[in-house]
Every structure is written in C-alpha cells, then in structure tokens.
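Below you'll find the structures, each written out as structure tokens.
In the two assemblies presented below, chain A is common to both, partnered first by chain B and then by chain C.
Moving on to the complex of A and B:
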C-alpha cells in the first residue's frame, strides 16, 4: 500500500516535470516524404451491389484502400509519428471524427491520441456495425443503425487497430492511437511535417497498414528543420 | 544462544511479513466468487490441467493439442475476450458469467457442458482461468446490464419485434426468416479471421449463451464479443428489446414456446409457420449469395 503511494507520488512528479519541460513552445521541425519502390498491388474495384443504398452513391466503383499511391511514387495513408524521445501527452479536448459514408470509412486511417475522444458517425441509410480489432486495448463491437447519433469512445493504450464492419466485409479502416501529438498522416503527395519539436533526440516511425513500419533516429538542436524520407518496398500482391 | 534465537525469530517474522503482503494481494486476485462459492486458483490449476488444457492449451491461449481439429477454436483465455456476458461489450464478464458458461457448455461448438464437475470445481477453475490473462489484474468486470421484467406477450409485441428485426437489419446476417442465410452471412469471420456462421433460428437449438428469454435479451444487448454479433445496447430501448425477443421466438419454428403458440393462433402466423422449410444451418452453396 505504502509502496503504491510512493509509486503514485513519483509518477505525479514525473508527469509534472514532463509537462513543465514540454511547455516550451517553438522548436525544430521534421518533414519529409514517404514513397515506395517496386510495384504495389493495384487497387481493386469494390462490388457494393449487395448494399444498393451505398452503391448508388458512387458513380464509379470505389477502389480498395489497402495501398493508396500518388504521383512520383508517393505513398498515402502512412502514419509518421515520434515513437521515442518525446514525452507522453494528455489528450487534447477536441474529439476526432470517424465517418461511415457510402459504405466507406472516412478517413481510411485515423490517427489520434491516447484517451482522446473518438466520435464515430453513420451517414448512411444502412446499419453498420463498428468492430475495431485491438489486441492490447479492449475489443468491442456495436451496431449503429441509420439516424442514430454518433457514438463516442476512447482508447487508453497506444496501438494500431484495424477496424471493420462485419455487415459490409469490404469496409476496412485503421485507428492509430498514439502517445503524443507529434504525428501526421500522409496525403496525396506523401509528405508530412512534424512541427514544434523541442531540441532532443527522436525516433521517427512511419507505419503503413500493408507494408509495416520503419524507424529513423533524428537529433534536433535549436529550431532547425530536418528532412527525413521513408521508402517502403512495395509488394505486387 | 537464546538471544540469537529471539533475534532470528524476529528477523524471520519481518521477512514473513514482507513476503506475505504481496502474497495476500495475489491470493485475492486468484479467487473467484459465485454466490456462496469461493474458488481458488491453486485448486483450479489441478482441474485445468486435467480437463481443459487439451483444447485450451497449457498457456491458456487456445492452442491446445486438439485445437487444430476444432471448428470454432477454443477460447483464448490470454486475450480474455468472452462471448457470453451479462456485462456491456468491451468489458470483462463476471465470475457468474464464466461459471454459467462452464456449466452450460457452448451450443454448436466443441465445448461440452461440465455438469459433472461440482460447483466448487467450477468456481476453482474460474479463479485459475483469471490468472491466465493480465487483463484481470488491470480491469474490473463490467457492470451487469439491467434486464427489466418481461412484459405481457401480445400479438402486437411480436409484430413490433418484427419491425425492429427489419429496422435494425438483423436479417443482413440472420436472414429474413432467421435461417442464418442473410446477404452478409457468407463473408462473416470472427476476430481470429475464422469463418463463423450467424445463428439459425429455424434449427431451433439452444442459443450460444443460454436458452431462456432473458438470455436472448442479453445476447443482443451485450453482443457476443470476438464475433460479428454487435451490441445493440445504445440503439434499442428496453421495452422494445422485449418485443424483439418475442418475435425471435416465433422464428424458432421447431421449438414450442408461448410466443410461437400465440403467433400460430393468428391466420397470418399459422400460414407463415406452415410454409417454413426446416433444415440445418446452410453451408457452402446453400448460403444465398
């Protein structure tokens, strides 16, 4: 019991000092591009004919999103984040939103912080079941019929969590639950920027749902801007 | 000499006190409480390695020697995701839930009913199973859901239950007539990516988590964690949930129930029930694509 108290007190002090050091604004910036080499698997058209209310929302078939590429071999939907060197942070108060629209998850990869409120909304005229498949956090599975208000949830441990809808088997998404606010998800150009990093040594990790993860160590001094690029080996299958 | 002995006794007592403190804590964690029964993990361990490990494995991760031969894999106690709970989705079950599961067995799976074991045996086993996952140290079981008293059975409640079955799209997996052949049935997988079938009401067997109306109520409110069956706790009102129970019973055309009898007493219901083909859970090409 006494040990537990001492432990808690120590933890509180640690958290307090961490917050104090982190409060310093400004700092360095790490930016770069994520690309692939090799031949990535071609996106396949999704057959939504079993769900007419969704199929009619798309003039052309929706393509699978397990690998999404852009111009100049750029890779989309890569989570780039500080995996070591930065202190853990408390979650921001604003929620993040995960939409189900046209039987697709928007965004396909949603990054947010530990204990940050996650809002899940159904904009479709059909029932979805939201079934995230964590291994470390708790697994739940909830139904969300059309017209029901967004549901909210939180994850208390960092983890990359695949999300699926069992009713519509083509629906796949990902949650990236991260320990701090230094993260970015690459878009069309494959570029990312991690700003406001205080001087220090950092491990930067790039995670892709099909190609796994890569890390690089970067040291920032003063308010310098450093470039870090990641290249993933693409597999044609 | 005598001084030495007192001193060593004192030292012994101090050492004992220090070592006993964490032991007491872990002893509490290694207990289960079901009604008047208190289960102990050390006793449960003996039983586990006699009756359970062949399927559930010596680490409790569901990789026992027999596991490759089983369809519907043995429960992984390390992951500690449980289908049959009285607690909300995403929470640990109560000791009583696990106790009931061992007693009842799992219908349509290889898990038999262990009624040959005594209540004390089952309580001991649960205490041991809870030592297999760190989740039991970090999390508490969820707060059991409240099941309101069952309202009077009426034709209206059956009909309203049918509307809910349509509105909540239960038929997407379970099929319009409850045969387990809905449009999404063929592609269902559990959380281990193993194919899994939705319940076929027409086959008339017991449910996975019990045989009573209360059990049926709990199944769709809590969901079956680790399977495609979601929780409907946030999207269905308590009084409406009982209507759905009443309707679902009329889909069990091979099982006599007050609900089915009442439904068959109407012209519409009698025609519907008479028109039903009875066969087992469809497989392969039998599943309507």
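Moving on to the complex of A and C:
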C-alpha cells in the first residue's frame, strides 16, 4: 500500500513537471542537433609549462577548444538562440559566472543576456588579465591577481565577444550577449532545446566561433514541439 | 681618528674583494661550446676591475694613514702638473683598461656574432610575444612558411600566423612551446619579435640577445650537456614580463628525433 502511494505521488510529480515544462500557456518547444560535415581541424595540445601552477592541474595537456566535436559528428559550443520573433527581455537577477581555472576559461562559450551581471573569477595561483574584445560594447582589460574576489561587469548591447588573457596567450573564450532568454549552448551531444516559446514566427540562429552562423525560420503554433537541425561545413585548417 | 678611518677603509676594501677572490659566487654550469670564452672574459674583467678597485682603496688608506694628524704644520704639496695631469692620467689608465678588455674580448664576441653558422646547423625559429616564447621547426620540407600576422589565432594554437589552408609549406611546420635541441649539434636560432622588444636569455648557454621588432636577428650555438634549462625574457616588455619564460630541452639526437616526430603529429 505504501509502495503504491509513493508510486502515485512520484507519478503525479512527474506529470506535473512535464505539464509545467511543455504545456505552459503557449509553450512551444524547438529542439534539435548541431552537427558538422567534412573534416574539422584537429585540436592541438597547449603547452602550459611556463605556468607550472596551471600545468600541474592537468594530467594530460589541455587541447585547443576552437572546434570541439562529439560523437556522431556533433558540434559543441554552438550558441543556438532566437534572433528574431521574440521580444527583448529584461535580464534575470542571477549572475552568470566565467571561471579562470587551470589557465583555461570555463565555460569556453558563455551565453547570457544584455545587462545581466557577469562574474569573472580567478581560481588560479597566478595573475590573469581578462581582455574581452567587443566591437560594439565598451572594451576594457583588467588584471586579476590570485585570491582577489570575482569582478563583475555588464554588457548593454547584444554581441559575440572574443575573450583573451593578456598574460597567457593560449587562453581564449567567448561571451554571447543575447537579447532574450531563449538560447542554449550545445554540449557533448550537440543537442539543444528552446522551451516556452509562445506561438509565433521565429528566426533561430546557430553561431559557432570558427564556422560563423546559420539561421532558420520556424513557426510555432500552440504548444507544438518542432525539430530544427543545423549542419556546419567543417574545414581542416 | 684618521688612522682609524684608514684601517676601516682597508677592512672594507679587503672584505669586499674576499668573496670574489675565493670564488664564493660560482658561475652556473656552462653547457655551450663558446661559454668558456665568455666566462674567461668575465673573469678577466672582474680581475682587472678588482685590481683597480683594491689599488685605489689601499692607496687612499695609505695616504690617510701617512698624512693624518700632522702636527708639524708643513704645507700640503701636490703632484706636479695639478688637476690637468691627474685627469689626463686617469683618462689614459681607464681608456687602456677598456681597450684592453675589448681586445681580449673580441674573440668571444666574434665567435658568436661575426662567424656564420655551419651549413648543416639546425634552423629553429624563436618567436617572442607578450608574454610567451614559441618555437618553429621547418618540418619535412626543410622550409619555413611565410608568416601572415593577420592569421595569428592564439586560442587555436596558431601563434605564428601560418596559413595552412592556402600555403602548402605551412602544413608541415612544427610549432612548439619549448625549445628542444639535439646535443652537440649547432643550432641556428632565427629570432622574430611578434610585438615589442624582448630578450632570449639562457644563462647556462651564456647567451643573452634581444629580439627587436622588424629586425631578423639570429644566433648560433652548440649545447654540450643534456638537461632542461630556463629561457627567460630579460627585456622589460610589459605587464606579464615577469611571467615570460620557456624551457630549453637539450636531448640526445635519438630523443630529439622522437620528440620532433611526436610534435609533428600534434600539429
């Protein structure tokens, strides 16, 4: 009897959460996969021997992350977002965090919204110098010695911004500053889901730091779930 | 009081010379074929400067001792010729010293800078940039592909600005973060500055040479002892200067070949 009650309670919670996710008023979903065709450039090992405190954190050398691929030709670190059709949104109050750990940027691609607080932390035993290279937003570069609290900043215009460290030339990352909350960054499987989209016509853009961007138009009616896939052309060099 | 000053002066002069005379500060190990000439030159310079220093201090102490506390009221006498003669003598003495060091040292200098490397020397390019050194080996074709500064993409491992998509020669160039070299083989180091002035200093190699933006400078040397040595930048080049270093790895020919092959697969 007790088992049955627990089972029922679990089922109710599951159903409730599915309803909350997919059947919210006007909650359509766009999901899909980002893959590549052709031969992508090989990741190269990074020599960190000049910074022993970082080198010793990695049992095997860290590889370059300009193009990161997964199983079945999936492509990682692609920002998939609604570039047109959705209204601009105010930034959420919770900050996003950009870590410097083992002389690497984590995550390699960080997506967040216009005016959302960006926290940059140095977890290393060495100084870093964070230098984002925007073309539209305000440019700055700041040093962050070890043990200092995270620094914060905001960007007021949407833009894809490369980030480098002025002390460790191999360190490279990207900020994706977006206008609304409908975005995803692909991980190992290359898949993405954009949920809670009210009915309407949307332009979905997939952006990759090396392969550029692609767009597709999708129309959502009711709470339907649509699939959109992106295929990038990979280059060996 | 004057005599006490003479004694203190003598003690200070002898105490300063002592650690040098007994070689208290030993030179780091010398791993190059030309290093002994540099060491001899340094040692000659130290001896010459040391003798001049001790001579001057002890002479000063002697005069202070001899002529202090004079009670007979005799007039102070000068060397004949006055200040002019003193200045001329000092000029000739110092000039001779500098000239002598130059003449003695010219061979050590000429061995590195005025003698071309042997034709079979191994060519390696060294690039200094804020704030790291990178090295390039020509690969199987023996050719260094041209550099395209606009292609530099450090996040993607393209530190030199190679263009392998359009330039076949660039595809086999081997770029590394450490300078590995075979032992007992002459190395012809081609020096390239990516941004500002830097310097290549390996104390065990007895080499310190600036990188100058826009100038293709080169060095040649032969390492005679295996090991891992630090390469540091000794020209203040910016915020991360303190952190600008790399390693020189002197390997046996066999280990070097293996290392180079391994690096070639990583490109």
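Operating definition for what follows: the second predicted complex is superposed on the first by the 211 of 237 C-alpha atoms of A that agree within 3 Å, B and C clash if a C-alpha of one lies under 4 Å from a C-alpha of the other, contacts with A are read in each partner's own complex, and residues count from 1 in each chain.
By our rule, a residue touches a chain if its C-beta (ideal position, glycine included) is under 8 Å from a C-beta of that chain, and two chains touch if they have at least 3 such contacts.
Remember, predicted model here, so these are calculated numbers, not experimental data.
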item: Fit or clash - chain C, chain B, common chain A; value: clash
item: Which of chain B and chain C A:115 touches, first, second, both or neither; value: neither
item: Partner chain in contact with A:196 - chain B first, chain C second, else both or neither; value: neither
item: Touching partner for A:47 - first (chain B), second (chain C), both, neither; value: second
item: Partner chain in contact with A:148 - chain B first, chain C second, else both or neither; value: first
item: Partner chain in contact with A:29 - chain B first, chain C second, else both or neither; value: neither
item: Chain B or chain C, by number of chain A residues touched; value: C
item: Touching partner for A:166 - first (chain B), second (chain C), both, neither; value: both
item: Which superposed partner A:57 touches (first chain B, second chain C, both, neither); value: neither
item: Touching partner for A:133 - first (chain B), second (chain C), both, neither; value: first
item: Contacts of A:235 with chain B and chain C, given as first, second, both or neither; value: second
item: Colliding region between chain B and chain C, picked from 62-70, 152-160 or 188-196 after the shared-chain fit; value: 188-196
item: Touching both chain C and chain B, counted on chain A across the two superposed complexes; value: 50, 126-127, 129, 143, 166-169
item: Interfacial residue positions of chain A with respect to chain B in the complex; value: 50, 126-127, 129-131, 133, 135, 138-145, 148, 151, 166-169
item: Complex interface listing, chain C residues touching chain A; value: 129-133, 153-157, 159, 164-165, 171, 176-178, 239-240, 243-247, 266-267
item: Residues on chain A engaged by chain C in the complex (per definition of touch); value: 41, 44-51, 64-66, 126-127, 129, 143, 162, 164, 166-173, 210, 235, 237
item: Chain B residues touching chain A - in the complex, by the definition given at the top; value: 79, 81, 88-91, 139, 167-169, 172-173, 183-184, 187-189, 191, 223, 225-235
